[in-house]
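One structure, pasted below without further comment.
Lettered A, B, C and D in written order, each chain numbered from 1.
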Amino acid sequence: MNEFVAPEIDWLALAPLIVVLGAGVVGVLLEAFVPARARRVTQIVLTLAALAGGLAFVVYLWPQIVAQPVQVVGGSVTLTPFALGAQGIIALLAFLGVLVVADRTATGQDAFAPTASAVPGTSYEDLARKSGLEQTEIYPLLLFAAGGMMLFASTDDLIVMFIALEVLSLPLYVLCATARRRRLLSQEAAAKYFLLGAFASALFIFGVALIYGFAGTVRLLEIAQRVQQGALPLEGMSALLVAGVLLVTVGLLFKVGAVPFHAWTPDVYTGAPTPITGFMAACTKAAAVAALVEVLYRISIGVQAVDPEIMRQLQVVVVVVAVLTMAVGTVIGSVQTDVKRLLAYSSIAHAGFLLVGIAGFGPQVQSSTLFYLLAYGIATIGAFAVVTLVRERRVTPGAQEDNGPVADDGVVLGEATEIAQWAGLGRKAPWLTAAFALFLLSMAGIPLTAGFIAKFGAFAGATSGGLWWLAVLGVLASVVAVAFYLRLLVVMVFQPGTVEPDSQAEPVETGVPTSSTGDGGEGPTEGGGVATATKVQVTAAQRVVVTVVRSRGPAAVAIAVCAIATVILGVFPSLVLNLVAEASKFVP
Amino acid sequence: MFPWLTALIAWPLVGAAVVALGALGRSRTGSANAGTGLARPIALVFSLVEVVLLVGAFLAFDTGAAAEHQLAETHAWIPQIGTSYAVAVDGVGLLLVALAVVLVPLVLLAAWNEQGRDEVRLRRFVGLVLLLQAFMVAVFAARDVFLFYVLFEAMLIPAYFLIGGFGQGAGRRQAAVKFLMFSLGGGLIMLAAVIALYFLAVGAGVDPSKAFLLDELVGVNLGTIAERLMFVGFFVAFAIKAPMVPVHSWLPDVAGNATPGTSTLLICVLDKVGTFGMLTLCLPLFPEASRWAAPFVIALAVISVLYGAIMAIMQTDLLRLVGWTSVSHFGFIILGIFTFTPLGTAGSSFMMLNHGLATGALFLVAGFLVARHPERSQRITDYRGLRSVTPVLAGTFLVAGLATLSLPGLATFVSEIMVLIGAFGGAPAGSAAWTVAAIPGVVLAAIYVLLTYQKIFTGAPAEGLEVLPDLKARERIVAAPLVVGLLVLGLVPGLALTYVDAPAQQSATTIAVDEPADAAAQMGSDK
Amino acid sequence: MDITNYVVLAAVLFAVGATTVLLRRNAIVVFMGVELMLNATNLAFVTFARMHGDLTGQVLAFFVMVVAAAEVVVGLAIIVTIFRTRRSASVDDVNLLKG
Amino acid sequence: MNEVIGLAPWLVGFPLIGAAILLLGGRATDRWGHWLGVLASGASMVVAFILMFRMIGTPVEERSVDHHLWTWLSAGDLGVDLGLRLDPLSVTFVMLVTFVGTLIHIYSVAYMDHDPDRRRFFAYLNLFVAAMLVLVLADSYLLLFVGWEGVGLASYLLIGFWDTGRPSARENAVAAKKAFVMNRIGDMGLIAAMALLFAHAGALDFGTVLSDDSVGAMSQATATAVGLCLLLAACGKSAQFPLQAWLGDAMAGPTPVSALIHAATMVTAGVYLMVRSGAILEAAPTAQLVVVLVGAVTLLFGAIVGCAKDDIKKALAASTMSQIGYMMLAAGLGPAGYAFAIFHLLTHGFFKAGLFLGAGSVMHAMGDQTDMRRFGGLSRFLPITWITMGLGWLAILGIPPFSGFWSKDGIIEAAFIPVEGQPWRAWVFGTVAVLGAAITAFYMTRLFFMTFGGRRPRWTENQHPHEGSPLMWWPLVFLGVGSAALGLVLGIGGTFTTWLEPVTGHAEHHEPVLPVPVIITATLVVVVLGALLAFRMYAVNLVPEEAPRGSVLTRAARRDLYQDAANETLVMKPGYGLARVVQVGDRDVVDRGWSVLPQAVSWFGGVFRKAQTGYVRSYAAGMAGGVLVIAVVVWLVVGLGGAQ
């Protein structure tokens, strides 16, 4: 037999991935060896360091990859400037996301359950809470997810892509289930995400199988090559390719959150712990879109020359999905009453805008997509970070509503996510509101924010591909999207906050299974994260007011960075545009 | 050469930054620093220095070549998408910049006591005003389509907050949303056209790194259909901004709910971007499409003239009324622009300035009036017989009203008559007939102005209004420059016409360059 | 026997799995449907590998198996947690989040 | 001429400065403001005299001078200078305006003595004089329009002078607004005329537009259109049919205002415009005919209304309307009529101002009473007023040798001049003119004897009529002398006609259809008959204190022949209806139409969100269905595309 040949591996090119994933492994070990008190700090430091390291390696690698893209491990990792750019964006966004995750706020509690496995409302849970347990495993999970995403965006091999998909998804499923409050919702979100995610994975991998059947390989570039050369094992079975690519695309579109594979998005975004939602919305979208672009474009390289028919079919798929996504995202978004849900639909709408750009199959799409992902990700993480700070607080009658950090009386509860509850926020927390408004404006694509340059790029992409009518549709959808961002803005900035115990009178919109209802009267001792599936029930003597808790630092830093970046990217985007323009090569 | 335009743009930004320091702090009424703060004086000083800068710009401007775009500065901004920071003004642009610069200190003075004494709130207010000013100055100076678009949209945001956050009507939030939705809706349609313009221009051989520079784009043949589509994209945005019937619905709500100062900035300056855009973007970029659309546009313009005036007559709310009069006046401006005669175009350009002064005066004086009412009522019928109570206020109101109805001797008359006389001989089909149809607008104007004056100032003083203070010194200082300006420009309009005449000649020439022969024949038959 | 029959079988199994996902209420059974889809894929991989005469497909099947196993771990954990909270494993009972 | 032309701007300048000082000076000028007003007007009059005498001393062909001040408006193809044109026509007007104006200023010092706002009154009066002088001195239609609207503004301000603090304040204000708005309706005509003229000649100055070249090149249609547009303007300003309704209400202003603005000067501006634009009208016979028709109709209209009015000022206002009808009629007759139109304008300016000031004197004496049925027998108490008004009465009746005879007779004669191809015209309009003279005699005699005649006074006990101060009656004397003598001075030997010839052009002599002596005699006969009838009814018979119900015609005339009702029905109501339609349309169609968009989005949002059921299985079904749908779409689109 052949002699074993040690594979030549360009470890340096793998460094960003190795750092992040390796740190994840280390993090798991830390759980075992570091004492409980120091565990959280250690984990945070490790996680941030790993992501920063990953980012540093991306920066370090950048010039040489731009000069010469490489394929590592036999093409399993194909490091093109585009992929590297995507890795960098994911690492950066993950870094910001982790900052938000790490913030315990002035309440001293993070957003995660002390023990996620405890049944909500049981004495075991109370005990865990009282003894101050913390689920520090979330940090390695985050690292795994981030690593998976980075790999997802930088592979040419469909099976590696599948594995990366699972590596990024599985931690997210778990993370979704770990919310400290409203745990029923959290668990439900996890279950839905998991079942639908698994379903989508199955579709994806079956698509891979069909492509394999058609081309005899699962390497995109090889497929393209073989199609071009006509060296196909099964002649005349291009239907296999179309079906395969369709299914693979569906798997990716699921992660992107495109209609009609979007249904999980609002539910999961709402139910998951808010910092995780921010992380997920920004990073997963970045990874999935990057992967989608790679798959579609590499396939298109192959089929464009040989079979324009298939090319057209591909384009039709993207166009149809883009139109549906924009329409559904904006239209349903316009009737939402929950901030997180609204942001979820906003993320669907943005998936649509991204697809508009991609559908053009034009030459600048790679760079404009990367810019879009960055702009959108920054605004999204910032926005969800703000959501984590707007809380309900239970006060006893007669207590003054104060908007400062936690006052002595009253107990800070979960996030106040009803839009109506955000009334008067501008008065309570002007800086926070200003930042949030900035994120909304960026998402709305108002000029002088990053979102505008991004949207311009996307629509320009469609127009350059001849799909000017799609750009017009995108513009119309933007108008609707603007409307719902504006609604939130109006409530925050212009409406006076109500001091009346409104939240008590508000109908509890979700059905409350009695077994899991939080305890109304019996006051949980410190901090009182009542494990409840729904809005907090308060007794008549108490009322719930909306308050803004002070960040302990990390989240504030994240918000500030996001806000500044949003403005800089909007006013002076040249530098970043230069970078992403260099990244517009994804074929090694 | 000193970068006058950049200075004019940057200076208010600096001012906004200065007053904004701490503007986002907590708002607490009655705190120690209430009313003692420096926000208003600082902003006023900034806006006055801005006037000095304006004088410098005027001195540096060569009136002999008013059709040229002067004081030009061009720097690459986002070369990847071919956009530059390119600013320059011709005579029209300079006058509109002047309008923006001059009105801001007056508005600040007029609103001196309007926003209460909470320092934080005041800082926000004056900060937004200065920010808006910077954007407005920039948009009139922009010579890059992308830059123009960016500013066109960006200036909506401060305006939006000024309406929604500082307005005095109960419906201010809805008004702000309506304003923003209409404007953004139009703006986004324009965005599609802007993008298309870029690709078509690059396709037609324009250097991609300069593909948004107006100077590069003018004269590029884009193809008839594409040109028309893009014209529609631009025009819709401008028509909404202008505002033109039937996309005017946001205006009365804004006028009725914003503070008079905000309305002044918004309607007297910001909305000029609509007509300015038609003049400096639509016409030179899409000459063929402009000619194609002109009959339709003229018809809509004249309908706006009459519609706005009729609606003004029917109003019961003083500030809404003033808003409606603007719909009517903008109709005249658009009529002048789209009949492509040098005289009409010059008249429209001049009218943009005059309307700013006249309507600004009317808004501000109406604001003074409303501020005197114990309940700050805007209902016209809540006032009666104030001529004997506040004679100076009444007189100022009347002068502003007469300027609104274009009384000869005031600047507004000169521009209106230029538009009418010019438009009558316009090239597009039906110019003459539509112009004649617009003339009754002057009668309707007399009705809405004098009816309002009659209701508010004549008869026996209304109960509770028997004793009101007359215009204070501060308020007189606000009104005086506007009134003097209207008078001086009415008697010596040459002061301003020097600036608008040459651009108008050039614009009319450009549009007529490849004028087909039948249009000339049309012109003859109209006579 | 024609080898394409295996491909057809794989497709049928995949469809059965998908139908299971769509029709069954019990979360465990739904998840089993997904597993069935994955295994149908495995069958397809192996069949195609045989058709192409290379080993890649067979190797890929291993990857899929591993992934399926990992999914089981996480999935069952989530389902069990929910079951413990709600005393029900029906996917139709978890619809607090909607709209 | 040229050495004094530099003074011309001061004609306007003095009153304008006066007005500015009085308006801006505020209360500080209250004590001496009225004298400043008089001074400003007087200074202007002095300048006017200087200019007139210089002009008389200038050869005829050099009497028309354009004085350029500065380039006013230069844009596009239009260049309009701010310039003054001095020629016999404008100087005539200048004299009338400044002389009568100054007299009325002086009169007002006393008349407005008790009014706290006297300063403001003088400011407005000065403003009016300035604007009126701009109107007549302008050397272009555009500048004329400035004066045109300027006098409208002054008129508006003065009609509504008492717009607060009196029971009738609101009515006064409404009257003022009505005057301005109806004037504006006329102004539309002037704007349209300017647009037409600019389109035709590319200029708006008289020198170019009215030149033979320009007029000669004008098509019949254009000339007619311009002529009719100008006529519309004249109708508004001069209260001619159908825009006559504002004049009666305008009597709400203080009486000196009625005398100066609504009798002597402003309302005659329409005639000035017609005469000034004579060249164009002559090129448009149709327009000329309409002018004559309007004049004739108004002539009768005013006369009939005048017969029924019991309010002395309204009766005089109707008379004014009627007299201007004469002038308008004359102005439509071409060069033969122009000079007499202006001549009548001039004499009318004197006698009508005198009559109004006399009426003001009566009112002053009677405590602001205007109802003639409450007067009677005043000749004993107000002898100066009685005599001066008597002179005015004789003048308006056209009794030789009083001034009205010279001018009105000229018009009547001109009306009888035949027009080629339309023989009926001379007869119809001549007859109307004579008939008008008869009715005039009736109502003026009625007015005169109801006020001064009668056997017993009809006023109440506590009224003690007496003459006002000399400031009031001296102007009356001047005007009375003018009413008596002006015609004689200017009329004999056609002095005035010759004076105006450089402007109006030489009129070919045409014989009227009847011999001139016959016309004169017939006119005098009917005039005397009319006067005697009125004398019998109102001097011999007792005048009832309450107006009798009267005939249908009387009642109609009292209500101004239903002019307000007609306007109400024909214009205001439909107009308001239209405005309501627009208003409702804006709210329910346009505004609601736009709000449908967000509503539709919300509705769709509500529908679509139902698909988000919360059930995992439905989500999965959605995904599976989505795959199928997309596959089908791909197949359809591409399949159909491929089939092409």
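Just so we're on the same page, a residue touches a chain if its C-beta (ideal position, glycine included) is under 8 Å from a C-beta of that chain, and two chains touch if they have at least 3 such contacts.
Treat the numbers as computed from the prediction; the structure is a model and nothing was measured.
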Mutual neighbours - chains that touch chain A and chain D alike: B, C
Pair joined by more contacting C-beta pairs (C-D or B-D): B-D
CA centroid of chain C to CA centroid of chain D, Å: 96
For chain B paired with chain D, centre-to-centre distance based on mean C-alpha positions, whole Å: 36
Separation of mean Cα positions, chain C and chain A [Å, integer]: 25
Distance between chain centroids, defined by C-alpha means - chain B, chain C (Å): 64
Per-residue overlap in chain B, given as positions that touch at least 2 other chains: 181
For chain A, residues contacting two or more additional chains: 191-192, 195, 199, 203, 266-267, 483
Two or more partner chains touched - positions in chain C: 18, 21, 30, 91, 94-99
Chain pairs that touch, as defined at the top of this document: A-B, A-C, A-D, B-D, C-D
Complex contact set, residues of chain D against chain C: 609, 612-617, 620-621, 624
Footprint of chain B on chain A - complex, ascending: 367, 403, 427, 430-431, 434, 441, 444-448, 452-453, 456-457, 459-460, 463-464, 468, 471-472, 475-476, 478-479, 482-483, 486-487, 490, 493-495, 573-574, 577-578, 581
Footprint of chain A on chain D - complex, ascending: 598, 601-602, 604-606, 608-609, 611-612, 614, 616, 618-620, 622-623, 625-627, 629-631, 633-634, 637-638, 641-642
Of all residues in chain D, those that touch chain B in their complex: 23, 26, 70-78, 82, 142, 145-150, 153, 156, 160, 163-165, 169-170, 172-174, 176-177, 180-181, 184-185, 187-188, 191-192, 194-196, 198-200, 204, 222, 578-580, 582-583, 586, 590-591, 593-594, 598
List of chain C residues in touch with chain A within their complex: 7, 10, 14, 17-18, 21, 27, 30-31, 34, 37-38, 40-41, 44-45, 47-49, 51-52, 54, 56-57, 60, 63-64, 67, 70-71, 74-75, 77-79, 81-82, 84-87, 91, 94-99
